[in-house]
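Read from first to last, the chains carry the letters A, B, C and D; within each, the first residue is number 1.
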Amino acid sequence: MEFPISNRYFQESSRDAQEAKRQLVLANRILANEGVFDAFGHISIRNPEDPQTFFISRAISPELVTMEDIIALNLRGELAQGNPEFQTFGERAIHCAVYEARPDVMCVCHPHPLELIPFASTDVPLRSIYHQDVTFYDGIPVFTDLTPECGMLINTLELGRALAAQLGSRRGILIRNHGVVVVGESVPRAVYSAITLRDNAKVLLQALAMGSEIHYIGREEAEAGTYQQFCKLGLARSWNYWCVNAKKAYPDIENLEH
Amino acid sequence: MEFPISNRYFQESSRDAQEAKRQLVLANRILANEGVFDAFGHISIRNPEDPQTFFISRAISPELVTMEDIIALNLRGELAQGNPEFQTFGERAIHCAVYEARPDVMCVCHPHPLELIPFASTDVPLRSIYHQDVTFYDGIPVFTDLTPECGMLINTLELGRALAAQLGSRRGILIRNHGVVVVGESVPRAVYSAITLRDNAKVLLQALAMGSEIHYIGREEAEAGTYQQFCKLGLARSWNYWCVNAKKAYPDIENLEH
Amino acid sequence: MEFPISNRYFQESSRDAQEAKRQLVLANRILANEGVFDAFGHISIRNPEDPQTFFISRAISPELVTMEDIIALNLRGELAQGNPEFQTFGERAIHCAVYEARPDVMCVCHPHPLELIPFASTDVPLRSIYHQDVTFYDGIPVFTDLTPECGMLINTLELGRALAAQLGSRRGILIRNHGVVVVGESVPRAVYSAITLRDNAKVLLQALAMGSEIHYIGREEAEAGTYQQFCKLGLARSWNYWCVNAKKAYPDIENLEH
Amino acid sequence: MEFPISNRYFQESSRDAQEAKRQLVLANRILANEGVFDAFGHISIRNPEDPQTFFISRAISPELVTMEDIIALNLRGELAQGNPEFQTFGERAIHCAVYEARPDVMCVCHPHPLELIPFASTDVPLRSIYHQDVTFYDGIPVFTDLTPECGMLINTLELGRALAAQLGSRRGILIRNHGVVVVGESVPRAVYSAITLRDNAKVLLQALAMGSEIHYIGREEAEAGTYQQFCKLGLARSWNYWCVNAKKAYPDIENLEH
């Protein structure tokens, strides 16, 4: 037995739709409990049984998401499965466009942790200073082409596709004055990247305020670090920790297998 | 059913005095739970059944306010309804003067989140850097005409009216070395604006410490953003989230409909 | 009935030894719960029945103090009342020396909130920027005459008396690289001053990092503000709030009258 | 009876393997509860019954460690005692190398509190500004010789030994862009040093942002201060406080003697 909390081995990638939905509920709660999500933000997972669709919650706060709130959308943002009366996020466009452009991506996450906003509102690059945050070794550009009428939201497929184009093959992209989009090959990887990116921003803000030269993590170091952090043991350790704490904070999900 | 937590549709504007009082109790608890209020601060709602009066709690800490603590005052600050033995806030003058000057305003909120005080104590403008905080597109002036003997409080109708005059048609005004007054067409809008303004200040303080040029949100962008944030779906999502969390933190209000 | 939580009117000054001890337990818990105390720090109250002695807890962390942990010391720091096996604080010298020098003082509090240390370790004055923190209008000097062998503690009567001499008639004095001593005419006043001083430091650190000119609260304004904050209604409101929250955090004192 | 919480006198140094394991579980939970550990980090204690081995948890998050998760390793990092199916930390190399080089050391702790990272990523020295943090009077160097392929981890005996060599006879060493290693003659001393070092970094970051000259604690003062903080009474007070709070946070260990 690898983990005392869970009765099963860590399964990084969801093998079927049911597992995908369960991971998605856990991810919503984890990111809320770790302070990455607040009232807003959303995360989705590509449907392993139908990769042209993805699971996402209806338009409620991440902290409140249950299995019953999960719907499936297609890559045009239309309802593929679930209650037709449910409201959907205007920003589902982000998810549609990224899944369309990136067959390797299984999870798209869009939070707005306050620590990231200074980097989304200045020209100061969000470089890696903290060894947990190594997965963005390809850099994190800032998407600035918001239109005056969009209301500061990526709420059309056109905007979503422009964002996905600038994202390219990277793991993340900031949105000007708004937040970030983080992607991953699995839910645990995207969750890991989102949490550690926020932590890195917190550290970097403090380091920048010191006014001294900063030694950043090199690209080669970061690639080797990503291998270490994304190995089964490393990822399982943090995923388990985040799940345990989310279940403590939200007893309604304490029986959800993780 | 739009929200799993509440059994009724989101009703942004109170339709009668009873609904107004209930919204006011929720707003007190929400702002306490979200860290916008501490031992001090107050919020009021115009009485939908008698617009020349408004509901406010007696002079206790916001976190402790119950339905039984609500009184009604007229625009001269005199008791219109409620227990005559209750103490009232010296700063009720703020509420009186704003309701008098602004028929469009249904809610007045006066918190002192610490993050705002640097902007109330320097000439650095509190501009919008974070996309959730878009509702103050008309700017936030600083009221500086405190008199030496006022004890740093807006505790006379004269001071309240001077503040209301400088507020003009805006959504908020800082008070020098003191705090802020935030107004709205409804309780959820004022609560939304108060919370996001605090968040924006937190981000802006960090961005300013970086010493780099800041890209602020433009006025046109902010107006379009306000439309998005104040649409029924957006506002309902955050209001529901804040209510759920306030009810978790304060079980004595868990049966109060929201 | 003035407060729904408490069944009796707010009694600012303890009238007998029993009330004094009860206030002291509450003050320990309040300052722990509000983050002003951590594992260390101590607070005392002059014995209203024998002003040449004062009550203080034995040498345990403030959060853990109960009625059974209170002892009385005389102004030479010797046990006047209580269990002779109890350990006493080495820094009781601070309390002895201040009560000796200041007949007006009924409460001495010595916390080390981290926000104050930058002002205790630089020449930047800790001036009032936030309207709740108005009670230190006479300024807050820094006591720097620590001896190399004192271990950074005020643990002799000689050091205590040097500190009390520099304190003079003021309400507070910082200790270099260490913390602060805050005094008051009553426990609620000293607690109020200690909490708001910490908040003021938090704000001032942020304002200083902005690099812009700061408008401080004037002396006349601060005196008038102190009158407002220390009036019965104002002080009762915050004391009640802090008590309610401390009792929530520490259920073992929930039946202690406040 | 010295402490109301515990039924026995404070025993700083573990006298047998069972006591050592119990201290280790407590230390894991304390450092998690005090925010020094998060999902990652580890702490070990030298086996008092076989000093060529040490106890450490298997590779899970510190917050989750129970008596059942403790294993013993020898100084080559091989399992000496415990479940052979348990995963071990790649970074056990740190513990092996330090115990090998430092017979005086009974406890090795490796956390990554975010506040330390700016000092591990710049040339700004982490000097003592706060009187609780006096135990590092010999200074805290930064280990920078990470190899490109190590993944930012000290995961070979060679790297561990290089780190131990630079540590020398000191109490701590930072690791570039990564975290810190703190050692002590006992678990309570290492825990004390780790917590106060984090607090000191928090204060120093704020002081540095003020841009004014900082008065640091002198070496002689710090040595005298360490004597005070590490005396039985001082250390017992904080250890007891941290244990009580860890047990509140993690009820599963509430019956573990401390």
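Rule of thumb we're sticking to: contacts are C-beta pairs under 8 Å (C-beta built on N, C-alpha and C of every residue); 3 or more make two chains touch, one makes a residue touch a chain.
Fair warning: this is a prediction, and the values are worked out from it, not measured in the lab.
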item: Contacts common to chain B and chain D (chain labels); value: A, C
item: Rotation angle superposing chain A onto its copy chain C by C-alpha atoms, nearest 5 degrees; value: 180
item: Same-residue or different-residue interface between chain A and chain D, half as cut-off; value: different
item: Mean-CA-position distance for chain C and chain A (Å); value: 45
item: Cα-centroid distance, chain C relative to chain D, in whole angstrom; value: 32
item: Residues of chain A whose C-beta touches two or more other chains; value: 209, 211
item: Touch-based graph of the chains, sorted into line, ring, star, complete or other; value: ring
item: All chain pairs that touch each other; value: A-B, A-D, B-C, C-D
item: Interfacial residue positions of chain A with respect to chain B in the complex; value: 38-40, 59-61, 63-64, 66, 68-69, 85, 87, 90, 112, 114-115, 117-118, 121-124, 146, 148-153, 155, 176-179, 205, 208-209, 211
item: Of chain D, residues touching chain C in the complex; value: 1-5, 128-132, 134, 199, 202-203, 206-207, 209-218, 220-222, 224-229, 233, 237-238, 240-242, 244-245
